[in-house]
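In the two complexes that follow, chain A is the common piece, with chain B as its partner first and chain C second.
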Partner chain A sequence: MRRLTFGILFAGLTTGLWAYSYHETILDVFARVLPKIILSNQPSELPLEQIRICILHETGDGLSAEYLSHRIDTLYTKGIRGVEITAYRQRYEEIASCRDATALMLMQTDEARLAEAAKFARSHHLFSAAYRPSALSHGIIFSLDIGSRVRPYINVAAAKESRVPIGSALLQISRIYRPESEQ
Partner chain B sequence: MHLLHFRFSLLCALCAAAWLHADSTDNDLEGLFEESSSEIARSRLNVDYTPSVLSVLHHEDLQRLGVTDLFDALGLLPGIETSITQNNHKKVTMRRQNLPNSHSYQKVKLVVDGIGIDTAMYGNSDYYMNLPVSLIKRIEVLRGPGSSLYGTGAFNGVISVTTWMGDSAKGTRVFGGLGSETYSLGGLRTHQEFSDGTGLWLDGYWQADNERIEVDRSYVHPHILDPLTFAPITFDRETEAIGDTDDVSVGMKLRKGGFSFDARYKENKEGNLYGWDEALELTPDKRRDERYLFARLEYAWEMGHDLSAKLRGGMQQYRLHNTAEMFEEPVQHFFVPTDLLLAEKETTYYTEFDVNYEGVKGHHITGGASFHSTRLTDSMFDYRLGGTLLFGPELFPDGLQRDVTSFYANDSVGLTPDIDVLASLRYDYYSDHQKGYPSLQLGAIYKQPDWRLKFNYAHAYKVPNWVELYARIYNPDGRNPLVAETSDGLDLILIYQPDNRNRVKLNAYYARLHDVIDANDEDATSSIYSYVNLGSRNSYGLEAEYDYTPDPSQQLHLNLSYSRSTYISPDEGHLKTEVPDTAKLMIKGHYLYYFTASGSIGTTVRYIGHRKRQEYVRLWSVKPLGSYTLVDFTLAYDFGDTRIEAGIKNLFDDYVRYGSFYSFHDGIPDSGRQWFIRLEHRF
Partner chain C sequence: MIRNFSVSLKIILVLFVLQITVITLILSQHGHSTLTQYDKNEREKADMITKMLLPVVSLQMSLGFTNAMEDQLNTMMMNNEHVMQLIVTQNDATSIYRFERPGYNTEDRFIEVVAGVPDPYTGETIGTVTLYYSTVNIEQLRTIDENFRFKTIAIMLAAALLFILLLQKILSPLNRLSRKISGYNPDNGSCDLKRSSRRDEVARIQNSVIGMVERIRDYSRRLQDANTELEARVKERTEALEESNRKLHELSLTDALTQLPNRRRFVNDFNSVWNIYMREQKPLSLIVADIDHFKKINDSYGHEVGDQVLREIAEVFRSHLRRETDLAIRYGGEEFVLLLPATPEAEAIECATTLRRRIHSRSYAAEQIVVTVSFGIHTMVPEPETPRQELFNRADQALYRAKRCGRDRIVHYSQIGQPCD
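Entry: the complex of A and B
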């Protein structure tokens, strides 16, 4: 035990910046499903010409955000049924640059920034998605529920507040987020 | 002729598969998530939602924790004890299923990129245990019987290694390293995509060391005589065990559309360390040379929205060439050296067909069939005293062949939103036994937001290997009438995850083994024995794991294993005792701290409790093996595209001893403190 304590103490002597950890396969799933989900939500009477996904990240997560952006671009080079798909990344400090986006994709961050991003998405009526399912409790609309199967995880109340439509096909296969107060 | 038919039918089947190919269509949302579910399941990210007891280790964590190779990585997990035998075999003991005085001890199956690394001779795969972490993307370990899912050999566990072959990341990485005992490593892996959609993955490495473990004179026979003149022979080299390693491997994968071709060659040479007899050899250049080659062609295609299939064909070849110096004792306390040459070559051809069906709502059904044919190509057991052949020249009878025909099916069902059930059944028929063996798994998971309860029952079998059945030295009268040993295992697992920071996993297990195959050593002083089916044994225990991630910069993992396991001593008394040479209690943990986005400090701690020795050895004094604690410390830093790792293993230089075949000494000492530096550059 003395030796374990030594190791932990030694390790704890240094502090500094850090990066969140991401799993490549989960980023791949987001890259694949996000554009199609956004498109499936869109009412047929309001067709989209372009889907622009703004990926928000912390400074240390630039590479992971770049990977996600690259995967979306690679998967949807030709768009989907004539709708052009583009993804770009911004740091959380530069969230204002995302006002022209169709959707926000939030990489991991602290609770304050999640709340700020949710507020931004609400005020600009943007679809919001987050890597961590726990972000739904801060007013984010979409994440992934990873269990024995992968399901969409939807915060319907947040979607209503943001005035973002959610397609019935998506709702049918989703797990619906319920705030703790409702459980 | 038989082989020609086999190859022709394989070719026909592959051609037929190509004709059946149909393009997958753009799926709806449900199909999109089904596809994602399969991808997540392949990556084992939903490990808590499978009924089996699974642990997953990822490359990034392993590298930053200073783990060097597959063997080193396995030592981090609960329920697994790693050790080295006296003649330098790396031994992985899962849940204390140990056979201390048998050369045929392996009870787990190793799978590399979906290909079982196995031999009919011993059923062993320890020559793959030094696969460097630089080549490993992920390691999945299933504890407990698993032959219904993984087939023959998965008696008490499965180690599944996924390399970077087939990974989407493009580019080239070169890696190298230096360390104690003149350890050196060099290698590369690369992935290129061509304009026509063909993907090519290549990797290769070499590694070598000059392992020397200093020991006292007790590891040298006191009176050694020349076999011809009976003049005394002086042991005139250092009293050190020599475990020199030279290891090289090259691998490739080529993929275009539904076709893929995988191949890997590995050659591993190791010194005999303490020798077969647990006595230092007079000549230091005796060693074991093992070569393993596999090649596989696979075609995967979609046969509709919910139906997909895979057809595979391949070959595997194993070659062993082991020189050793042993000692005969014609007069008590006087020894004469003998020379042993043990060689074997076996080749397996196989074909496998899998179907995956998800057309029934809530079900995920897979099924398939396979045919494996293994032939002995060459064998030699040349045992000489002063140039005179004492035993040999062949290890096995000519023309040995083992054909295994298998059928399997399993279904994963979502019974209710909270309950998933898995049922799996497999049947393998062995031509040389003229008998079939069933395997079964039944599992259930009850899911709640914060916790999950899993139940798993599995029945597995292990067919005797060729050494146990046919080796002339053990079976001079012909085939040994052994039956397969079987195992029934029960696991009850509770996973509690109140938030994203804390995760607790508790697993209680019980296993009963029947017809256990072990050495029948009626005379403990003799090296000649045979293998027999002994009685039933019980094993039960508890494995606990705790993960704490207070923030993204820190990861703490702790695990504890406590196990009781009965053992039947192979001497004439057949005493039922606690299994020797393995620890009842193990406590392990690791802590990873990122002090910047690029830099990390990793610490691993492994406490292995004391281990009792074999009680049947009454002819010499045997003390229990003391407990030991290994602390490793690693600093890793990314300078742009270059990562440098430096670390110390066994930081406090604890004295590590393992059990051994004859228990002549107070254990087999392992190397002490070691250092290493590794470098990896990405182009």
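Entry: the complex of A and C
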């Protein structure tokens, strides 16, 4: 019932206002995997007590961001292995307030803001994820490769620049991003 | 052919057979150990592949990218040619990945590794990985190993048989030779050994023994001949020695001049005669005679004439004896003794009287020499309490009395107290 309500609101807002379109299933996948991937890529010498995911979105994407945040909270009510998982949303203009976050989740936006957000994540050594796989070309670390099957999409160079370690098991199951210059 | 092999060559063959047996055993054991180790390695390899899979599988299952596993796992499976089948299932038994190698035959033998998939975040088991690892290579090696073991046993049995055969070939001629040598009896010279035409050491020993037996037989024959001859000689010498001893004994008891028994003979015989007549309680008479003035004969006619007189007087005494038991003795010098067993006093006096008359009836030494003899006689029945020399002493005392009374007369001991007639 709750999913239906969000679905109706999601459809209404995305068609009624100027906003990017989001696929609910993909948002669900992000909600499910993002906390685990963040957790598994944390250095073992810095044990976390809390994972704070800052969801950055455009003004028109607030509901989608809220949906994502709500899904993360719902899925990880008890956290993972004693680590509390919290998600909150901020507009791109308020990116500075994500300074104390563990990771950034970038909803769709223009390239300039993506680049700015990537820069912010690098400077604060934050794990960054983006809804659009193309965001990896701006220095975002993680996205999803949507093809015949869904799998993680990793920008190893960006992770290195952000000093975010990537687990070998994750690398084995992921598609590795290569810049066009290398392809 | 093996009969003609030398013992040393047979021993070398035995050692060679033993060596083959030992080497075969070692190789068999080594092969089996290698196979066991290989089997263990393959099992460890299957476990290791499973452990390598688990982090990837568990992460994907935990993240929900179950459909992303296929390429990754396919690559891993294709790189491990012994993995025949891999099945990943969730807890509800739903299969989310299945790999089956082309040509996979379920009849083949496999190592089955089943491992639970732990959630990397919660540690809970979220699925199961089942891996079938081919052991075809192990089975092939096991078959080879079993064949090798079978051949090893066959070789060992053959080697054991050869070993026994060789030992028998070494020992049986020795045992046979030993039995025949043990059965050799030098007394009858019987020996079953026959000369051997073989060329090994045992045959050489056998032929040497035969030669030795023949030499022993020859030596025995010669020794027996020598022994027979020696025995004959010893017998002859013994007889001669006995004769000599008898003569010597006779000589030792005989007076050389008169050939009458001497004083030693008298002493020997007197004790026996005394004992006999003491048991029989019969009278025993003793006559002691002494040639009167014999010194004058020696001085007047010389010792040779004196000796001749003694020989002739002795002949008179000898010829006068009537019984075998009577004994005439040259007691010493010109003194003679007559021992007359079982002779009473009267007979003894009569004997002495006859003897004196005969001495008077002739002359001596072709010199017309007249010789007189004095006689002392004593007769007694021997008694245990009577000293045996008493007979002689009393006869001697009677002789002394005869000498004192003028010589050439007969005095009996019983007449000593009477005046001379």
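What we mean here is this: the second predicted complex is superposed on the first by the 166 of 183 C-alpha atoms of A that agree within 3 Å, B and C clash if a C-alpha of one lies under 4 Å from a C-alpha of the other, contacts with A are read in each partner's own complex, and residues count from 1 in each chain.
One rule holds in what follows: a residue touches a chain if its C-beta (ideal position, glycine included) is under 8 Å from a C-beta of that chain, and two chains touch if they have at least 3 such contacts.
Since the structure is predicted, the reported quantities are computational estimates derived from the model, not experimental observations.
Asker: For A:108, decide between first (touching chain B), second (touching chain C), both and neither.
Answerer: In the superposition, A:108 touches chain B alone.
Asker: Tell me the contact category for A:82 with respect to chain B and chain C: first, second, both or neither.
Answerer: Neither partner.
Asker: Under the stated touch criterion, name the partner, chain B or chain C, that contacts more residues in chain A.
Answerer: The partner with more contacted residues on chain A is B.
Asker: Is A:20 touching the first partner chain B, the second partner chain C, both, or neither of them?
Answerer: After superposition on chain A, A:20 lies in contact with chain B alone.
Asker: Name the contact category of A:37: first (chain B only), second (chain C only), both, or neither.
Answerer: Touch partners of A:37: chain B and chain C.
Asker: Share the list of chain A residues that count as touching for chain B in one structure and for chain C in the other.
Answerer: 29, 32-33, 36-37, 40, 149-152, 169-170, 173
Asker: Flag every residue of chain B that touches chain A in the complex, lowest number first.
Answerer: The contact residues of chain B facing chain A are 28-30, 32-37, 39-40, 42-43, 45-46, 49-50, 60, 168-169, 412, 414, 420, 445, 447, 499-500, 551-553, 589, 591, 593-597, 599, 601, 603, 605, 629, 631, 633, 651-652.
Asker: Per the contact definition, I'd like the list of chain C residues that touch chain A in the complex.
Answerer: Residue positions touching the partner: 55-56, 59-60, 62-65, 67-70, 72, 120-122.
Asker: Could you list, by residue number, the parts of chain A that touch chain C in their complex?
Answerer: Residues of chain A touching chain C: 29, 32-33, 36-37, 39-40, 80-81, 149-152, 167-170, 172-173.
Asker: Please output the residues of chain A touching chain B within their complex, sorted ascending.
Answerer: Residues of chain A touching chain B: 3-4, 6-8, 10-12, 14-21, 23-26, 28-29, 32-33, 36-37, 40, 59-60, 108, 132, 134, 144, 146-152, 169-170, 173.
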